[in-house]
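Below is one structure; the comments refer to it alone.
Chain naming follows the written order as A, B and C, and within any one chain the residues start at number 1.
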Amino acid sequence: MHVPDGFINAPVSATAGLISMGSLWVSTKASNKFLGDKFIAIAGMMSALIFVLQMINFPIGAGTSGHLLGGALAVIILGPSLGIICVSIVVIIQAFIFADGGLSALGINILNMSIVTGLIGWFVIDTWKKIFGDKNFSLILGSFVAGMISVVMSSVAFVVEYALGGTVSVAISSVFIAMVTSHFLIGIGEGVITAFILSLLLKVRSDLVFISINKEAKGKSVPLIGLLLFLSLGLLMIAPFASSSPDGLETIAQDFNFSNQKSIAMFLEDYSIPLISNSFISIILSGILGVSILVVFINLYLNLTRKKS
Amino acid sequence: MSGNHPPTNLNTESYLIDVAPAQKIVSVLVLSLSLAFNDIRNTFTFTMILFCIVCFVYLSIPSIKFLIRRMYVIIPFILFSLFLPFISKSGSVIYLYKNIAIYEDGVFEMSNILFKSVAGVSMAVALSSTTSQLEIIKGLGRLKFPKIFVSILSFALRYISVYISEFQRIRLSMRSRGFKNKGLSDSISLAYAGSAMLIRGFERGEKVYSSMISRGFDGNLFVTKRKWNQSKLLYFLCIVALITNIIGLFL
Amino acid sequence: MKGSLSINNLSFSYPDGTNALDSLSFKVVEKERVAILGPNGAGKTTMVMHLNGINDIQSGTISIGNEKINTANLKEIRKNVGIVFQDPDQQLFMPSVYEDVIFGPRNFGFTEEEIKKNSKKALVQVGMYSHKDKAPHHLSLGQKRKVAIATVLASNPKIVIFDEPSSNLDPSSRRELIDIIKSLDATVLLATHDIPLALELCPRTIVLKEGSLLCDMETNEFLQNDLLMREARVELPFGFELHHKLHHITNEAADAVQHKHSD
């Protein structure tokens, strides 16, 4: 989802902006090197295409639907540098021309939706290819995994940004569970669509697909960065569940210096639901509450947009 | 964000149409960044900046209805913010009705989100209703956005409509064969349509490149310049916002 | 650079091994108008893409004017050999008509004055000057085709090559296209399936089949040769035959009458 103005504070937004600019600069240099003069034409076309592909809606149950983000797909087909550039271009177009995503949050949106998805998607598919070989079937399966994980990690990235600089005092735990669980569902859809698009491409024009062309491992640093990103975000994801009590979340919150910390779990407890003695279960319940809220939002939002078309 | 974007028709009544896109973009950036990074609790700063924003938006849009129609992108966030007074439990408590309590900090957070996201969208709408898509991109170029990105952006804009009509044609032929997007398997058929388009996209990219080199392209990009007006009012609004920010630091 | 071209033993095969061109040779003199006919896949477009150096020459030579195409003179060649591609969306990639038309001249190093003059002249020649600030996707197919021609004319090429210029055009746009091509002062190559177009515009026809030259003769003669036409997988449009044969018969009858009177 595109983050609007006002959700994330200035230092975090600015840092995200700097990271995005740096990554785009590196990606541009790399793409220029391997595509040469063709770079501009191909990048322009593919960005336009990804923009249009993001209009593919798929149902994620309960009458709602998600849409393709395309980060993993872009890097699988175009390679890490070009893929990241194309999705970033789409985000820029959406921010400046279609009022989608706050301009103060542009750095964050580019980071979450193109850089994180791109790097992690690339890391997953690259590793998968090394482990399971590069036969079509293996690549297709790998693309499903890449698509799914990239979307989930994108939401974790948002939670990290929120933890570091969120301007509202909803508990990180609730944001975390709400975002990650809903994006888990969207991730499955993304993975499925990515896999199917890739399967047809491999059948018909495999010479166009970056991952299936056996190129020299030029950007050895790329999967490495992807690995680091994956590990850090992954650890953040697992850590709350690894710790024996939900206090794990609170310690993480304190580490990030997030002072206002009220849990929806307590909200439920105040209303003395008798079954909730274990606060871990209450967190799950608050998560479900969060997801339901989001599903309602998504439903409303999509209903309103459907009426427009 | 799925592609149900509003029509981008320019508001010909606004005098801002002839103002340099670069200046408009800078104004939008200065104003939205100022607002986004201030808090409603700093009432003076916030109000001043909000006032500047309202001026800019008022000069750009034809009507409030025009603006509201384009706000659907932030509706989930607006709805979310309405919950905040109830769940952000800090600050003093205000009892609304019997036992239902809202919290002061939550009210401030809600207002922050409401004002900031609405203002942000309004300014983006103001920009896109007084500046054609292409001029926005070129304005970015004048602001030292890398030339290569300006070119890629203008190509992307140029070909988005081509791909949308191709996609629509594919959807039409699918529908005329009885296809309805009901379940996941139907979405998969759309995915196949997507891959057909991807292949064409590549080939088109190569063909456009052939056209470019046929007309002598060798890597050098040119950007054409046009004569634009400068708006003194926009300069004034930006300066007010910046000064307010500085004053706000000391209040 | 003169507007003549000469292809000598040009051969080309694709990466997957299929032969596209097989020892093709022919010459065209300045200001000549030549139609290039042949079934789909005969190699017309592949050959055309050699003429401005987009396709690298694998074997054989091509000379434009008196200069052989090589890596050093590509820009000069491209200035003098303009190709109007079949798909105008491929050719019009700039945000506005005017910017597309000045794209070529700017790259070829014309001065600002020349660029302005040439682009105005080219747009007026195709009748699209009033649309110069429009975005390409707001134009109809016929208009796009005309602008595509202008983008090529703006560089004052000595040779203009058209790849299927009349496909999908409505009759009035087609007539406008014919008028534009007639008004050109350059050598013209016209790759097409549109037989009446070839007959109206080009006195000479080259027919390609499976990458090699089937025949090279007067258009009139070719269209009267049923055997050759069948080999080339070409046929006259319905109703055209009758008129043509009638014309032929009328000429014979007129000759016969003349002879009778002169006896």
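FYI, a contact is a pair of C-beta atoms (placed from the backbone, for glycine too) under 8 Å apart; a residue touches a chain by one contact, two chains touch by 3 or more.
None of the values given here were measured: they were computed from a predicted structure.
With every chain reduced to the mean of its CA atoms, the largest distance from chain C is reached by A.
When each chain is reduced to the mean of its CA atoms, the one lying nearest the mean of all protein CA atoms is B.
In whole angstrom, the spacing between the mean C-alpha positions of chain A and chain C is 50.
Taking each chain's centre as the average of its CA atoms, chain A and chain B sit 20 Å apart.
One simple way to say how far apart two chains are is to compare their mean CA positions; for chain B and chain C this gives 45 Å.
Touching two or more other chains at once are residues 41, 44 of chain A.
Taken residue by residue, chain B touches two or more other chains at 154-155, 157-159, 162, 204, 208, 212-213, 217-218, whereas all remaining positions touch fewer.
The set of chain C residues touching two or more other chains comprises 93.
The touching residues of chain A, counted against chain B in their complex, run 1-2, 4-7, 9-10, 13, 24, 28, 32, 37-49, 51-59, 67-68, 77, 85, 89-90, 92-105, 167-170, 189, 192-193, 196-198, 200-201, 204-205, 208, 260, 262, 264, 266-267, 293-294, 297-298, 300-302, 304-306, 308-309.
Listing the residues of chain B that touch chain C in their complex gives 134, 154-155, 157-159, 161-162, 204, 207-208, 210-218, 220, 222, 224. Listed in rising order, the residues of chain B touching chain A in the complex are 1-6, 8, 25, 28-29, 32-33, 35-37, 70, 72-77, 79-81, 83-84, 87-90, 105-106, 109, 112-113, 115-117, 119-121, 123-125, 127-128, 133, 136-137, 140, 146, 148-149, 151-160, 162-164, 167, 181-184, 187-188, 190-192, 194-199, 201-202, 204-206, 208-209, 212-213, 217-219, 221. Against chain B, in their complex, chain C makes its touches with residues 49, 52, 54, 75, 78-79, 82-83, 85, 87, 89-91, 93-96, 99, 102-104, 106-108, 135-137, 151-152, 155.
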